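One chain, chain A, appears in both complexes that follow, with chain B as partner in the first and chain C in the second.
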Partner chain A sequence: MTADAPHGAEAPPELVQLLTPEGERVEHPDYDIDLTPEEIRGLYRDLVLVRRVDLEAVALQRQGELGIWASLLGQEAAQIGSGRALAETDMAFPTYREHGVAWCRGVDPVNLLGLFRGVNHGGWDPAEHNFHLYTIVIGSQTLHAVGYAMGVQRDSAEAATIVYFGDGATSQGDVNESFIWASVFNAPVVFFCQNNQWAISEPLEKQSRIPLYRRASGFGFPGVRVDGNDVFACLAVTRKALADARSGQGPMLIEAFTYRMGAHTTSDDPTRYRVAGELEAWKLKDPIERVRAYMFKNQLADQEFFDAIDAEADDLGRDVRKRCLALPDPEPLAIFDHVYAEPHRLMDEERAQFAAYLEGFEG
Partner chain B sequence: MKQFKLPDVGEGLTEAEIVRWHVKAGDPVKVNQIIVEIETAKAVVELPCPFEGVVAALMADEGETVDVGRPIISVDDGTGTAPAPASSAAPGPAPERGQALAEDMVPTPPKEERQPVLVGYGVKMGAAKRRPRKSASTPPAGSPAPRSVQPPARQDTGPFTGESAAPSVREGVRENGAAAGAAPASGGRVATLAKPPVRKLAKDLGVDLTTLTGSGPQGSITRDDVQSAAGAVPAPAAVRAVQAGEERIPVKGVRRATAQAMVASVFTAPHVTEFLQVDVTETMDAVGRLRRLPDFAEVKVSPLLLVAKAVLVAARRYPMINSAWDEAAQEIVVKHYVNLGIAAATPRGLLVPNVKDAHAMSLPDLARALGALAETARAGRTQPADMAGGTITITNVGVFGVDAGTPILNPGESAILAFGQVRDMPWVVDGQIVPRRVCTLALSFDHRVVDGELGSLFLRDVGAMLEDPLRMLAWN
Partner chain C sequence: MSTLTLAKALNEGMRKAMEDDPKVLIMGEDVGKLGGVFRVTDGLQKDFGEQRVIDTPLAESGIIGTAIGLALRGYRPVCEIQFDGFVFPAADQIITQLAKMPLRSLGKVRLPVVVRIPCGGGIGAVEHHSESPEAYFTHTAGLRVVACSNPADAYTMIQQAIRCDDPVVFFEPKRRYWEKAEVDTSAAPAGWPPFDQAQVVRPGTDLTVLAYGPMVKTCLEAAAAAEEDGRSLEVVDLRSLNPLDVARVTESVRKTGRCIVVHEAPVYNGFGAEVAARVTETCFYNLEAPVLRVGGPSTPYPPSRLEDHYLPDLDRVLEAVDRAFAF
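And then the complex of A and B:
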């Protein structure tokens, strides 16, 4: 029991940061950003609204309405910053926690809840939103993303692909394989790792002996660590990485250094494996509070604005709750509908058999 | 009026204990206001209220263990009437999916509650929705089917009759079962629910299943039901009437956990206990000198600190004492770290929090950690993580003013040392009887892992270090 600082609380020197936890704007030689007051207010609104949706989802799970929920609490800036950096034609591959990115891609939050309520398999059209379905298997989406990016490359299209994963996923074979493919084929893909310090109960020091962003150099592409609780820095770094990818400069690894303030999922109890002081240290680096402080100091918004956003958030929470509870159960035969895109003889046979079976209950 | 039923908050939980209510009847509540803390097998969790309104009634007491799916609170949201009495036989409307757990409190017979399941948030009751299977004996359309009466033909359709029976049949069985041991309905036979092996057992023992009242899920007949019928063993009646002069205390929480752990430990690990009386005059002297050192100015120095240190040093000399028996793998797991457990009497009962990685601590750090552990335990704030992963334990029975005991191993560990009270005793030093400070050590160990020789060496060394604390330096 030593007197070390709480786990992960010491900000490493190589961190790209544009807005300090106290809300002070700082410069960085490689990454900078020029945002209008309107854009900043928009980012603030995004952060508050996705946190509110997340809180509602946790409550719904606690009330028995969702089977499980993976909270994004604390990771809003990493997701909104990177999500707002995407161009419309860019493609994003999420894990199961990218509720903030989904928001930026225009996916209705109720669709996310449907998955966790067990009434759909995602419920949004990935092609419509350029936002792939949630992937539950850890890290496998990195391979999908690299494949997609290589396709874009072969189409000579000017679009980038971004793929999200966590610190724990970096230990997966899939992720390392995708690094290799992306590197040797110079694929236009941005690897966006939200290092939230904990792979469920496994701390980062059991995942890596070096900072995660430095892994990239071993595979032959650049890596950078950004303050994942700084929405400005995440936006700036991701924008640059996506622009580089689109212009043929190959992949990049972004390690967003952040913290999962809640449980891994609603089935998890983090108090069993991490100390309370750690959470307290990270609360001081809250991604929303620093933007709010910055806006106050620079008179980019008044109390009326903040109150209005809070009211909008509560309305959104209520609306999401109402529509979640109204989600219909799928028809039993719907299970056959999305197995194959094209008509399929075996599926038709099985569907008919199951329909006949169900009819057996009639009368 | 709406009811909130206890949800499964952690993928597969079937029950939870009500720890503390934050509201009482008459209180106004809002949506998502925290109303209650529950303790599940996984965690203490706060539940947010799904309704807005005024609390009509709390339907479970603090300390009560409640099955998932049971209503725990009713909230008057101004939308409906009072709940129907539980005896109401009127079937409620089929619950819609969206109202799964938060459905309106229109008359809802208890049988429509969700069933606790292993995964997810509970199945909705199929009873109201499942359609009866068409069969050859189905009467022509239009003629009303007697829903709680099964055509006799179904009796002969094989062992799965009951399993695949339509829900109306299940209701029939349950209603029958609810009739508290009444003879089976004479008019119209009811399908009996029993699994094939139970049916075979009944056949072998000559028991007529239709005469039994099932005690299993959905009123199904269990192996025990059949066996007790065959042996004419009367079903255990409610004989729990409180006798005069007796008090019955429900076993739960820490008491239950303690009981389970102790039984598991005693019946899996063969215990051996050895005793050693030691002269701890030097140790007591050392405690006094340590207290005067500036390094210990801020921390509590007690004899326990030196006992702990002696155990750590001895465990390093004999690593097998700090190991665990892995029954599944048929291996002994030798731990090269020590998470030192300290048995503590707390407001919640006996807890054994441990000092993680105690082997790597300096003496002042160890003193600090022991102090923090005791303080947390006394305040009743010991977390499950604090108690997990212990490797060896010390129990300080001396604080209760006794000399020794035969401690029971903390499950998963191979040794526990009881440290008795220190008192003045006549002692022979250099052929003279002199008063010395003496205490008794008792070491219990798991004889599967630790032989008498090893246990004796360990205990002897701990004693030697307490007789002369300088040995701790020599052997460290």
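And then the complex of A and C:
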């Protein structure tokens, strides 16, 4: 890899793209989408707002208010496109970076910040949002998603399940087992792999010798690579895959070809392992700029609209910050809560002992 | 009353649970048409269909991972891990997901998943087919760990495990699968002892023997032999390892003043260490001797031609009894 040929920036021709980085609308024989100006303005708003929340979270971490944060910078289109493709009854299983999908599913961003602040490990109700808890161990959630989809089959329900994971996760046994399960049971599940080119410091070449979407054929279901920085294409491809899953056509792998523009997390330093030119090349493919250019060119919005969205984003950033800082630390005895659903002697005993210990400091 | 083998009692218990609740599923390798390599699920697929008795691909992490997903959708999967030594590919899903997801959700998610594991040695098997991995799981908060020792308990405890809203690791003593006993399949569940409660299976006055799973029978035989020497041993079947029924154990040891704990697993850092520490705390002034542990050597399970030397037997239990009385 050299600065002349930035890693991954030249995507192979099989990429599904409906909107070029310059904001030109292009056709694709298999995937198309017909969006109203209102829908396009909505997607733009989503993209800007989730980037703004992400920016605020990075700042909060730098100021010591979050222990760590995993930024989605650069992956907004992959997440908003796929997230907005979901029907209300579809179920989504995220990694720990799906802040954009969480936004689409109506999870309060403060809940995400709470996890990274350390007040809990998540705590939202997956059933309320049809958005599962963040999973930190790489790839584990792919099996949960397939099992959930097998449940949907048994309920004879018309719902699809989508599961998110990254390029690094494709090396995990669980991900490969989930492909096998989904295949042999024809489970209504969409595997949405955001190939952001980097698994912390390891480039894609450390995970695969073939393009990731082609892995699907070995498991017996279709795979497709989509421009992960093109929100229209991500929406179109995911919508089709979900519809196929709902109508009994089984699983599909979508590889969203994108780029992690920031660090792996706020603890990471990408200057140690990747060249600056790579980021610059990908900045030209920014997922938000191309939508903005398209909207300008086609007069789908005026400056007033863009200013209003920017103002809304700043308000959201301020609100999220304020509510994050107001999150109370949990009470010490909360350590013992929710470990078991039913009464458990050891929990009761240790809770009582710890309470007595704490009381010893009072008065 | 019916006379059932332990394997058949488990089978009948699962059948009852499936009849009672359409959300109960059976899943694992070879559990369908074959009925499991030990035939514990024999006939269930025939009667409940392939949607409820699922022959899975051959991957243990996949079994537990998809069972978690099914539980998230409202099902109550009962997973079979074919042999104790095969549970480790699933250990990540059991320890990092199954045990912790309810807490991660602040109680909004419940995972009523049962992980059945045939355990222990004594059947002349090859490597990885005779292990006792219970301590790995008793050390994992969020799991309940139980072990049945006889057909009657097998019948009730499997149903209680399936009905429990917490994940349960359910150990089955594979060398006792074919042993028969009377099982009352008509008794109302309300009258069954809770599955996290220990049971005194032989009352005595001089020394308490604590055991679970396959070792309960061995300890009962040892108690009968000790009686001939004029020693009255009380045998307590712990049944539940997490949580441990400390109250019942304490009650027994305070009465007898002596205690040994017996399992097949290696003694070093085995479950007996936790029991011994607890008993020492609660019965310190009643103890006439230190709590002694009887178990396998702190080695991997040996080739089967050596397993009779490895596994605690009547003589090893009695030798420990002698040492406890010699103090």
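Keep this in mind: the second predicted complex is superposed on the first by the 357 of 363 C-alpha atoms of A that agree within 3 Å, B and C clash if a C-alpha of one lies under 4 Å from a C-alpha of the other, contacts with A are read in each partner's own complex, and residues count from 1 in each chain.
Please note the rule applied: a contact is a pair of C-beta atoms (placed from the backbone, for glycine too) under 8 Å apart; a residue touches a chain by one contact, two chains touch by 3 or more.
Remember, it's a predicted structure, so these values are computed and weren't measured experimentally.
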Superposed partners chain B and chain C on chain A - clash or fit: fit
Partner chain in contact with A:273 - chain B first, chain C second, else both or neither: first
Which of chain B and chain C A:321 touches, first, second, both or neither: first
Touching partner for A:147 - first (chain B), second (chain C), both, neither: second
Touched partner set for A:63, first chain B, second chain C, both or neither: first
First, second, both or neither for A:155, with chain B first and chain C second: second
Chain A as apex of chain B and chain C, Cα-centre angle in degrees (nearest 10): 90
Partner with the higher number of touched chain A residues, chain C or chain B: C
Touched partner set for A:362, first chain B, second chain C, both or neither: first
Partner chain(s) touched by A:337 [first = chain B, second = chain C, both, neither]: second
Shortest span in Å between Cα atoms of chain B and of chain C, once chain A is used as the common reference: 19
Contact footprint of chain B on chain A as seen in their complex: 1-2, 55-56, 59, 61-68, 118-119, 266-267, 269, 271-273, 318, 321, 325-329, 359-363
Contact footprint of chain C on chain A as seen in their complex: 120-127, 132-133, 135, 137, 140, 142-152, 154-155, 173-174, 177-178, 180-181, 184, 337-342, 344-346, 349
Residues of chain B touching chain A in the complex: 4-11, 31-32, 42-50, 97-102, 119-122, 130-134, 138, 141, 355-357, 361, 365, 368-369, 383-385, 388
Contact set on chain C toward chain A in their complex: 51, 56-57, 59, 61-62, 64-75, 89, 92-93, 96-97, 100-110, 141-142, 144, 164-166, 196, 242-246
